[in-house]
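Before I ask anything, here is the structure I am working with.
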Amino acid sequence: MRKVITFGETMMRLTTCQYRRFSQSTAYESAFAGGESNVASALAKWAVPVAHVTRLPGTDLGDAVVDSFKSLGVDTRFIQRGGGRLGLFFVEKGVSIRAGKVIYDRADSAFATLSPADFDWPTILEGGSWFHITGITPAVSEQAARACLDAVQTAHRMGITVSMDVAYRSKLWQWGKRPADVIPELIKHCTVIVCSPHDTADLFGVYPHPNEEPFRSVCQQLMGQFPALSTIITTERGQLSASHNTLLGKCWQGEKLLVTETIDIPNLVDRIGGGDAFMAGFIYGSLTAKDTLTALRFGVAASALKHTIDGDLPLASIEEIETIMNGNTSGRLTR
Amino acid sequence: MRKVITFGETMMRLTTCQYRRFSQSTAYESAFAGGESNVASALAKWAVPVAHVTRLPGTDLGDAVVDSFKSLGVDTRFIQRGGGRLGLFFVEKGVSIRAGKVIYDRADSAFATLSPADFDWPTILEGGSWFHITGITPAVSEQAARACLDAVQTAHRMGITVSMDVAYRSKLWQWGKRPADVIPELIKHCTVIVCSPHDTADLFGVYPHPNEEPFRSVCQQLMGQFPALSTIITTERGQLSASHNTLLGKCWQGEKLLVTETIDIPNLVDRIGGGDAFMAGFIYGSLTAKDTLTALRFGVAASALKHTIDGDLPLASIEEIETIMNGNTSGRLTR
Amino acid sequence: MRKVITFGETMMRLTTCQYRRFSQSTAYESAFAGGESNVASALAKWAVPVAHVTRLPGTDLGDAVVDSFKSLGVDTRFIQRGGGRLGLFFVEKGVSIRAGKVIYDRADSAFATLSPADFDWPTILEGGSWFHITGITPAVSEQAARACLDAVQTAHRMGITVSMDVAYRSKLWQWGKRPADVIPELIKHCTVIVCSPHDTADLFGVYPHPNEEPFRSVCQQLMGQFPALSTIITTERGQLSASHNTLLGKCWQGEKLLVTETIDIPNLVDRIGGGDAFMAGFIYGSLTAKDTLTALRFGVAASALKHTIDGDLPLASIEEIETIMNGNTSGRLTR
Amino acid sequence: MRKVITFGETMMRLTTCQYRRFSQSTAYESAFAGGESNVASALAKWAVPVAHVTRLPGTDLGDAVVDSFKSLGVDTRFIQRGGGRLGLFFVEKGVSIRAGKVIYDRADSAFATLSPADFDWPTILEGGSWFHITGITPAVSEQAARACLDAVQTAHRMGITVSMDVAYRSKLWQWGKRPADVIPELIKHCTVIVCSPHDTADLFGVYPHPNEEPFRSVCQQLMGQFPALSTIITTERGQLSASHNTLLGKCWQGEKLLVTETIDIPNLVDRIGGGDAFMAGFIYGSLTAKDTLTALRFGVAASALKHTIDGDLPLASIEEIETIMNGNTSGRLTR
Amino acid sequence: MRKVITFGETMMRLTTCQYRRFSQSTAYESAFAGGESNVASALAKWAVPVAHVTRLPGTDLGDAVVDSFKSLGVDTRFIQRGGGRLGLFFVEKGVSIRAGKVIYDRADSAFATLSPADFDWPTILEGGSWFHITGITPAVSEQAARACLDAVQTAHRMGITVSMDVAYRSKLWQWGKRPADVIPELIKHCTVIVCSPHDTADLFGVYPHPNEEPFRSVCQQLMGQFPALSTIITTERGQLSASHNTLLGKCWQGEKLLVTETIDIPNLVDRIGGGDAFMAGFIYGSLTAKDTLTALRFGVAASALKHTIDGDLPLASIEEIETIMNGNTSGRLTR
Amino acid sequence: MRKVITFGETMMRLTTCQYRRFSQSTAYESAFAGGESNVASALAKWAVPVAHVTRLPGTDLGDAVVDSFKSLGVDTRFIQRGGGRLGLFFVEKGVSIRAGKVIYDRADSAFATLSPADFDWPTILEGGSWFHITGITPAVSEQAARACLDAVQTAHRMGITVSMDVAYRSKLWQWGKRPADVIPELIKHCTVIVCSPHDTADLFGVYPHPNEEPFRSVCQQLMGQFPALSTIITTERGQLSASHNTLLGKCWQGEKLLVTETIDIPNLVDRIGGGDAFMAGFIYGSLTAKDTLTALRFGVAASALKHTIDGDLPLASIEEIETIMNGNTSGRLTR
């Protein structure tokens, strides 16, 4: 299998213990996570050759991030070291009717202060079949946005599949430009994007036409604007409570709207990273399965299973995900 | 906003870890809690000026109780220090079909052995707008009952709103008098009480009339007996399992039975303190909202949210409670 | 009450913390457990005189197993000490749609390498009224199977009720013989067995007849084969998710199929040991109740409550189990 | 070996985690401990037949105390159940130059409110060879003092060795009589006491004569007063810091002052229970060794080793204690 | 007693559990700490009226810092809220021959980005008797240095005692000016400073004269340069290992070198915050004791005791510190 | 740098929490460790290219071992998967005068049941400069001994430096042959061994001559027997208590006895793995330093530092070890 490359910030995630609130917390569980490296980690767990590209400080904490990638088998050769601090985020998990909260602390991180020229994309991408970023990366800083553009242009030129989870978060954009000035430039070079009607409204002013299935409707409009784009995927989450969600996936490739079955996820453990598990699963499925619907269903199953696992990563085997995909969500004990 | 004063015992709560049974427990999580101080703590968290009046031993444990009040902003100037021991209670949380258990260990505590004359109520209550006790306090000892009566009489005379959560628990009354001899004397001076048809049956022999809404029926009878009383409130809890409750609030002020929507609380974390959060929420609402129904709905929302939080206190912001009150119980992650 | 005797391996159970996966685990909670000793422990907790017979290594870990039995009041006088190692099993608890996993590590344990001649069954069983094994024990090794046969023959001859939970697990049978060569020999001496249609299919090639209630159908066939057998019981588990099961019990004694009500078990804590709690409850009920249905209902209630308790044992009182049996599964807080 | 009987209160010990102060503590480790039951537990661990006599509340917590005795093999048949509460004590362990702190909370416990008449001492003591109490027990309440006197008189009359660790703590005596009115009455019936010159000064006004070895000097005076007394033992503790102590033992039997070597105890883990381990070790030694010095040295070694073990009990084997006794305190790893 | 005011950054301290290295850490204990607020917290614990001035973000984490001050009784009215992030530092405690490590992460914190004009020093300092800063604060940013200068000038003008712990750390000075350009300007307004010969060499090029006691020698030179300065204090730490230090204090007021006895601190728990405890103790002593040597000895005792307490604060009573000061460092258990 | 290869069993290490005894333990900290893989892990941490060769079961636990190697950068390509179980060992850490205890549970592990023919040594060793085993590996089973011999013969033939830590443990040899029949055959192919006079006495009957430095004396005798052997090293441990050791290293290469300074290690955290850290440090030093004494001193410093780190591995940087090597063992805090 040819390798996948991801690019984006990896942070320390500090989560309050059990369901404690920030105001009650005297200890935090720590792990390392980021939208793009979550995808890389999941793929590595499933034995896909994958490299993650990022920038980390030269401290013991930066070393620990690298070691955590290595433990999963992610290629860390292209990680830059330097800059002042490791980005962080604090998490208070939701439960029952109480919403989870995330406090980001990623300003002026080693990643946000990277130098685009330090990344030699032709070398990094050599031998790659898929390159993945998210819309969070260009939001972080002007340099990060520049690096994204360099990367997707190079990848596109090299014939590599380029995917982006647009993951629009307005609060993050503080460095001057508006997302609408930047994201479309990136999508021009993308083959696959994760994008919902909410995102298209906010980012492009693209709304579903009345009386049309909303996702299909915005996809049709987007496809017209971005000729390189061949596939748009999304998940729809039913939010019964913070402890009970449902999930399904949709995909538009220009002809027929693909929709998966809905997976019910009661007693969920940790929903952060669910979107990244979907993306990772879709990439895995695209690289291995014969049809797009199977890839989409694998992505949804990987994401659903991730909701039962502590931390950002879908630490589950292919077999376990396929069990879910086959509708076996009864959780019967394996002896 | 003029200040609220609460009076009652604060104990150390020792809870087995996770869902362990007493027989399995080799460690306990500790916190400080009591029906009335829970109300004071919640109000302080919401920036209402509030003083809690109690008696605590002069030990490091007593100091720790005071510090915990101060951290929330509760005025601790009127707390007496002295006596032998800190009251305790041991908690084994319920889960699924298994009921929670509480073992009280509050006999001969510093609070139970207080001297009523040590409390200078006119000074304590000066500048106050609301005074709150529960029916647990007079149950503890003769001295505590005496202090309650002194306090409510003084407060009533000073024109302060007096509330009592009657919280009838027959097992606690060991000091000689029957609750029916004491509680009505206190209610004579109350403006607001929390009282259910179960309580009225046990305490006053007041039963709902057939074919009437039971809460309204007992309220109408009580109102006749206690002219100072203007408001009776209660919650009705649906108990699907120890991990799944529902909650609604009712209020009778002589004219129209106010009933809130029902809030569904799946995967609940800790239900102890739910009633105190309801009372605190109703006081907050009464002091700030234009109408009683809003106050009642705020109380129910505060109580419901408390069920998702470890410990006795509704450690949540006004905004978070209003989110629940506005029907948003989907627990969507806030980034 | 005359005493109960159980025979089988007791292992160290090492469970990942909370719901961590094996790959995430840096610590394990440890306890001691085994199908037969779980039954003994439960009965001892309920004040039934009970002895457990097993073989444990002469190490500090073996000592700790013995101490844990003593704490519950199990008679440990007939436990053999010697051999190399304590059997182990690693547990990753299931949650939501994710299945639990068990990794057994019991090969060459002190128990598996026992000498049948070391167990003086007439002495051990003297004064006993009930002897219990499971179908796991003969699977462990040839010596263990031999000891089982010695034990059930002796017990049968002495007029003691003999029960076996057939608990067929094909993976365990590694020592040469097929279960179908061994289990029936044991059942010949049994009065009571726990056995489902799945078990009979795998073990005896006995399948339900079409259009008959499957459990009754296979029971009728088995009863014909094993004249000593008077009672066959089973549970039927509804597996909504790893966190939500339902449970009912069935019993066939040759005349009328007894079926209990179904108990719904949401938010379950730990399902391992549920079957042993059912067996223990049925034995307790049989020794104390006037009718079989009550015994069966006690068994199902004990099993359901066990699902809410961490670890293999139904650490609950008779009163708590009867509360569940009486349909009170609302988990209301006991103050 | 004939059995040992101990009598006294067993409490829940709640210890802050690691070296946290009470003011920093949000959790407590719990265990069950008491001066006399510590002796019983140690002896049971060393396979001496031993019964502990006490009174415990009828709650789940009382049950847990009984189970903890049973796990060690202590005979619990003579434990009374009833009364309101389990005595408690809170512990903050000392470290470095910081002193440890203990907050007792044992007033009005089930033990303190026992009825002396409920204890049938002739039956309890039947078959016993040694009876042990401490001077803490008569300090607790008048009833407890009465029960002590009944017990030692009966034991003395039955020819049983009676030992008392006088353990004088002035703060505990709150029930009316002065210790000097009570303790001597008890010592009249004692064969062996643990007593230091500090104790004799406070309790009897007995001071060492100048220019004499102080312990021998007070022993000689005491022996004159109490004809039944044949042996007085004590430890001398060098207190370099809360983490570094030294320990030696002394014994006077009327002829020659026996003194053990000094054991150096650096990096100590928990010194509470050290005195009880000494007593238990001396009893064990007296029952098994040929000479008193060996018994004394075993007691000191047991006590020293106890300082390295978390909790009140010297959970160590005879072999491990003998290793220390033989001067091997190098702590070399045993593989 | 008139109030003390402190000014400086308060951060979240994230400490690895036990003695784990950063590379081994999957959880962090969290607390809030900073050189100046540590002084304020200690003084508040000892019942000195004290206000801390700082700037904190408007997040739940900022709220938690404020609550932690309130629990100790620190006046928080002058705390500014705003800015992006809470400063952090990660701690790996040293032990044995292994050095502790601190990773600072305080760039661009809410404090570093404060506006000097937002602090109304005449109002803040009104009624104050002592104002304290450290040399870390002006190192943080140009704005922070400006605020320090405003504050010390105003305090000096108002006749308030001004103290500064110069605490020179070269790595922190990143904002343009050299410490030698800034620190002397601040010292001009100081009455008391903490300063060692190492600091004077680095900051002022002031070296001890040969054959003179080094501290006295540099003090004499400094006193000549700064007429407002009346007192210079320091500690000398003997560093036997990361787990074993010794400590003494020195003070120069122009006439006689005051030197305390040396306190030996074996088995130390946490040395961070030791210097702040010394400063707090010296301030407390200066406000309450009759002579400087007593104040100095109180400071050293407070600092020594702090080394035995987890976290940055000397959470000990006046009595406990005086026990150490009186030479009682044997750590004898207090019952 | 050319690569190092190690061969031996890696086990799960289960350590009781803090200093709990096995009998007190309800949880275990888990990690993966083994004499040879500890060497590989340390070298990888120090950026030496290194591969570890072993056999692990195909379970999730086996996967976790592999992941832990990968996180450190150890090449895992030559690890065999298969067989029944993962070897284990249980650890109770020593403290103060109490000895640590290890309970091995490695019989019939995946490693012990390996097939020698499955290891293609010429391929595995290709490009290697150093091959390392210990004397524990041939003790495990006949197959393991056979694989060791194959490996050292091949390595010797390929001109690779071969080292063996003879680590003689008589209890492990259960498979038939005596160590004296096997170890010398292996040493024939070794260039470097770790061996003490105790080992030579037990293994070869080689004793020091009177009046000679014992290590030199036995080395001279061994060198005569094994012509391939050029270097013998050892450590001498001073065992003041389980918490306080001293350490020095010795080396004999035929001419002059090299002896390092003694490092004092007070308050030690975990001594298991200390010997492996010495070996790893000596290999690192031999590969990088210009003289043997420097290599030896690096080994001793790495070993000493390892004693301050939880777990089997010296997780410290080259710089940290050199700090110790340079005599800086004061543990001064690094900010």
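Chains here go by letter, A, B, C, D, E and F, matching the order in which they are written, and residues are numbered from 1 within each.
Convention: a contact is a pair of C-beta atoms (placed from the backbone, for glycine too) under 8 Å apart; a residue touches a chain by one contact, two chains touch by 3 or more.
From a predicted model like this one, the values you see are computed outputs, not experimental measurements.
With steps allowed only between chains in touch, the distance from subunit A over to subunit D comes to 2. Between the contact lists of subunit A and subunit F, the overlap consists of C, E.
The rotation relating subunit A to subunit B, fitted on Cα atoms, amounts to 120°, rounded to the nearest 5. To find the repeat of C-D among A-B, A-F or E-F, check which pair has over half of the same contact pairs by residue number; it is A-F.
Counting C-beta pairs in contact across B-E and across A-E shows that the higher total falls to A-E. Two copies of one chain, subunit E and subunit F, touch each other, and the residues they use overlap weakly: the shared fraction of interface numbers falls below half. Subunit C and subunit F have Cα centroids separated by 44 Å. Those residues of subunit C in touch with two or more other chains are numbered 21, 23, 26, 67, 101, 267.
Every pair of chains in contact is given here: A-B, A-C, A-E, A-F, B-C, B-D, B-E, C-D, C-F, D-E, D-F, E-F.
Those residues of subunit D that touch subunit B in the shared complex are 14, 17, 21-23, 25-31, 59-61, 63-64, 67, 84-86, 88, 90, 92, 101, 103, 105, 107-108. Against subunit C, the residues of subunit B that register as touching in their complex are 18-21, 23-24, 94-102, 104, 169, 171, 239-244, 267, 271-272. Across the complex, subunit B is touched by residues 67-68, 70-73 of subunit E. Contact residues of subunit F toward subunit E in the complex are 263-269, 304-305, 307-311, 315-316, 320, 323-324, 329-335.
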